[in-house]
Amino acid sequence: MKPELPFSVVRAGHAELRVRDLAASRAFYEEILGFVVTEERDGQLFLRGVEERHHHSLVLTEADAPLVSHLAFRVAEEDHLDALASYFESLGCRVQFVEPGTEPGQGRALRVQDPFGFPLEFYAEMQQAECLLQKYHLHKGAGVRRLDHFNCFVSDLARCEQMWREGLGFRLTEYVETDDEPRAKKAVWLHRKGNVHDLALMEGLGPRLHHIGFWMDDVVSIIRVCDILGGAELHTHIERGPGRHGISNAFFLYLRDPDGHRIELYTSDYLTVDPDHEPIRWSARDPRRQTLWGHQTPESWWRDGSPVMDWDSEAPVALSGATDARAATYIK
Amino acid sequence: MKPELPFSVVRAGHAELRVRDLAASRAFYEEILGFVVTEERDGQLFLRGVEERHHHSLVLTEADAPLVSHLAFRVAEEDHLDALASYFESLGCRVQFVEPGTEPGQGRALRVQDPFGFPLEFYAEMQQAECLLQKYHLHKGAGVRRLDHFNCFVSDLARCEQMWREGLGFRLTEYVETDDEPRAKKAVWLHRKGNVHDLALMEGLGPRLHHIGFWMDDVVSIIRVCDILGGAELHTHIERGPGRHGISNAFFLYLRDPDGHRIELYTSDYLTVDPDHEPIRWSARDPRRQTLWGHQTPESWWRDGSPVMDWDSEAPVALSGATDARAATYIK
Amino acid sequence: MKPELPFSVVRAGHAELRVRDLAASRAFYEEILGFVVTEERDGQLFLRGVEERHHHSLVLTEADAPLVSHLAFRVAEEDHLDALASYFESLGCRVQFVEPGTEPGQGRALRVQDPFGFPLEFYAEMQQAECLLQKYHLHKGAGVRRLDHFNCFVSDLARCEQMWREGLGFRLTEYVETDDEPRAKKAVWLHRKGNVHDLALMEGLGPRLHHIGFWMDDVVSIIRVCDILGGAELHTHIERGPGRHGISNAFFLYLRDPDGHRIELYTSDYLTVDPDHEPIRWSARDPRRQTLWGHQTPESWWRDGSPVMDWDSEAPVALSGATDARAATYIK
Amino acid sequence: MKPELPFSVVRAGHAELRVRDLAASRAFYEEILGFVVTEERDGQLFLRGVEERHHHSLVLTEADAPLVSHLAFRVAEEDHLDALASYFESLGCRVQFVEPGTEPGQGRALRVQDPFGFPLEFYAEMQQAECLLQKYHLHKGAGVRRLDHFNCFVSDLARCEQMWREGLGFRLTEYVETDDEPRAKKAVWLHRKGNVHDLALMEGLGPRLHHIGFWMDDVVSIIRVCDILGGAELHTHIERGPGRHGISNAFFLYLRDPDGHRIELYTSDYLTVDPDHEPIRWSARDPRRQTLWGHQTPESWWRDGSPVMDWDSEAPVALSGATDARAATYIK
């Protein structure tokens, strides 16, 4: 058995997105995607999927410009937060604890700007909310079930992967690698909860959020979203898909929300709890990693991402690393 | 080419059901089944499926007791109504013409009590209504697409089949027959529009409506109705299914509406337009005709039906023929 | 009632395609698409869908180069063939009768090169074959159910539409039209069997076959084909889709067979039997006619088509009319 | 944090079933359910689901009478087996280690007859096998994806639950309980891998296996199995369903294999990794726990189970506890 870490991250927990028009965003997330509104107050909307039993997996905050305020992970126990704080301090990061309720519905939380610029939050406790999974008559639109994962652009992939795997205990399930010597990883899929990922990292201009992935019940629910968007003449929200990823085997659809934040509707990946689960390597030249069906990925999908917030200044974190064009070179 | 009839029935057109609580029925048909309300007036609700472009395929009329007010068929041209009137008069039936608009949205119509007691209506013209097929964002509940067929209990099946086939030009696609000599048909499926049926006749205590069948987009939409009903704790509306009929190959679900009228959600039958299309014979002893999956049919499905109205008295037509028990003997 | 034509076309019946490698084509049509082989002889393969009860809806004939040997329509009665022959002779076409069995499984047939260059065949009789619809355990791959329609490029759309509608009794359900004055139709969807089409005509370099459409049971069966092709690394057969057409509301997938002939897997259109069924107009500038989801149609889909055979010379018919580029201009 | 156990069970791993006719069983599991055969030797068949990367999740062993030879759980590390042996010895159980390869493909394993009579096996290592998840063209029949859970009848539910939860670290997700005082649990759902269960225990005549549950991709795959079985006239293998459980929210189908062993095809439950995940209580009187759709559960489902083997004598373990009738009383 590996040396145990003094904390255990359970899963990707929630994200906070800044949006410019809360009413427009609410219409998109509630009516089209089928999120349930737990609470609205002070220009913020707290949303959860129909399966989720906690106060929120997504926070929308009205603001002047789109931004990712933070990405949050749930830990197993309250005192793991202190151990995590020590870890991040050892990396030279600014850390901050916030009191229960600072974020509505949430217990004490640790906030940290990680070495790659991401505004992370860790928490163990969140207020319960009603699970609507079996209240099928109340499901709307896509009926999104639950948060599944975050996918981020990062400029220094190798070090970032190392932090998440060695430092934070995430396990690798799939990765994209160049075929040249020395080989270099270009993207990694990392999990804690037992499916393909809680967090994917792609080399590129970062720190930026590429997308948030939400779990869907099945293929048909995803086709249904396309029809609903098409019927409402909102099809420009569809950026890519539906299709079948080689990586993760997921049936996917990528949408852009009213502020351009990218949402993936995702289903049909696989179980990864076995300790001897062997990561799958994909060559950066293999187009099947992107899709088994041979569809082209649109340029915007390679290029665009949401900037992230600096916890202190509340301004966007400056970007560095490969320009989009360079990043795109290897993986198209 | 057979001697042409002087009229052409196009398809099953609409039905009118008396219900005791229009608000309760509206909730069931609009929210659960997803019918679109074209018009409500004078204690009547005019409904259509999301694909339908006419004023109504179902009329719900508030009354003291449940009853089938009439079953209506669309004919190809307005003057076919006169030819049909002559035909029914030749059978000794009472016929009556009603002016355009007598039934809201409908043109001139012929009303007749057929020799077996059914209150039939024939019409060529009906007001157009918006087709909501591609307005997927407006679909609710089951999203019923269109009327498909009527299924009726009749006491004298042989003569009734003869009237519909020889007199009215319906074509036989499938039938259930005893294996004893002389063989006797126990049920027939008859069509005009090119799929398995517009009208099925089952021997039994009649005249009664067994069910109205509505076309659904696919299997998943039907599973979805079960979940919606289950979620809303309205599952007692589910009488039978989902399952796969041997007869017609349909994927089916039978519901009972708040007044006990039976509705079938139906999909996945087949094309029958070929003139040499050979009717399929099912032995009355073959359980696969009822379902390919081996499920038992509940007693109520064999037994219950909705009485039908006498056009003159507006009272239920008296029943005759095999008692339910006898009818049930052969087909369970 | 309109003056009756002295014949009645029932539906699109079958097509014959020349292919270069019968074994390769058989693998594609039988294993991937799930066609049932009725008979193989003399370098020909006779195929039917799982629902079909006739000897074939598709004939594959081994030859040096890909070509569409003929497109066939079923008529209601045997002597309609003579009336059809007269009609085509009145248009100045070469007509020819072939004896029963000339095409295996088929009765007497009329062969004609229509004024637009298409090698048409009409027939009333075809040998029965076992319907495998309910033998679900024998279905393979996509489990294609039945032939649905042909879609053709024609250089003189206006005259060709007139022949099919006025001369042959087809009914218009949808059409694409320019917005300029005078308006000009660019494509039409014509049916006999009661759904959106048996034949679509698109203005372009013709005579060529754009695709043959086959009916599928549902959306999921079509997604399944993508996965099967992807799994087998045969995804380059996928040319376009899956998606939702505005026109016809069909859920579609376009494949290219090993010779480049285009096959559409098609489901979820609507009933069109009503005599007052109003054709739907789409502006040639409206991208929603192509897809409700906003996907781009690949260039090849606009450009490529299969040449058709001259009955006499058995050589490809020379092309005329708008070049692909021009044709593509209005509809992209 | 709770005191850590000195071992970690990862998930339900595999089962071995004795069957009377290996060829008949192979046809059922391979052609109908779509299992992949990893190896056949010495009257044994080693099977895995299309997603699985290990040698087997199901072993079929030809024998004179049906029996459950063992139920196996995977542990995280090889030396956990020793700690587990100590635990079971502390309960007074017979334990035995078997060498790698004793069961083909498997590493060193611990075998134990647990206090309730179940022949359990624990192992950390198993030979890798090819994952066929993305080889969609090779999937057959139901295309079963992976083992999900075991469900067992046990006579002393309270003590058995205690062993699995406190002794072996399983977590409770749902349970059925009487409403009388003192309340008594009648069934429990326990997991390690993060969904609803790896093991369910139901009070009844035990030790017996009620069923093995396998994960399916979606609802449609399960409907497909019904059609395949119906088409092949093998529908008597269908015992119950398809339907939607209240408990676990699963969409389910129960089949009986050629020897009467019960297999559940299962999909659409939910994520349970959160440490504060609150178990759901169902009243033993609430019919919705069995199905949200109101269907009746057949008597055989309550009554029948497969006896289990004594590791030493290889004979069936004697039964004790509530008779089936009594067991059935509370839950019907």
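When the chains are written out, they are named A, B, C and D in that same order, and each has its own residue count from 1.
As a working rule, a contact is a pair of C-beta atoms (placed from the backbone, for glycine too) under 8 Å apart; a residue touches a chain by one contact, two chains touch by 3 or more.
Given the structure is predicted, the values throughout are model-derived calculations rather than measurements.
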{"item": "Chains in simultaneous contact with chain B and chain C", "value": "A, D"}
{"item": "Farthest chain relative to chain A (centres taken as mean CA coordinates)", "value": "B"}
{"item": "Between C-D and A-D, the pair joined by more C-beta contacts", "value": "A-D"}
{"item": "Between chain A and chain C, centroid-to-centroid distance (C-alpha), Å", "value": "45"}
{"item": "Chain C and chain D, separation of their C-alpha mean positions in angstrom", "value": "50"}
{"item": "Between chain D and chain A, distance of the C-alpha-averaged centres to the nearest whole Å", "value": "33"}
{"item": "Per-residue multi-chain contacts in chain B, two or more chains", "value": "134, 219-220, 227, 229-231, 292"}
{"item": "Residues of chain A touching chain B in the complex", "value": "31-32, 134-139, 141, 220, 224, 227-232, 234"}
{"item": "Residues on chain A engaged by chain C in the complex (per definition of touch)", "value": "219-220, 223, 226-227, 229-231, 233, 235-236, 238, 242-244, 251, 288, 291-295"}
{"item": "Contact set on chain B toward chain C in their complex", "value": "1, 10-11, 51, 53-54, 74, 76-77, 124-125, 128, 133-134, 145-146, 193-194, 215, 217-220, 246, 249, 268, 270-271, 273-278, 292"}
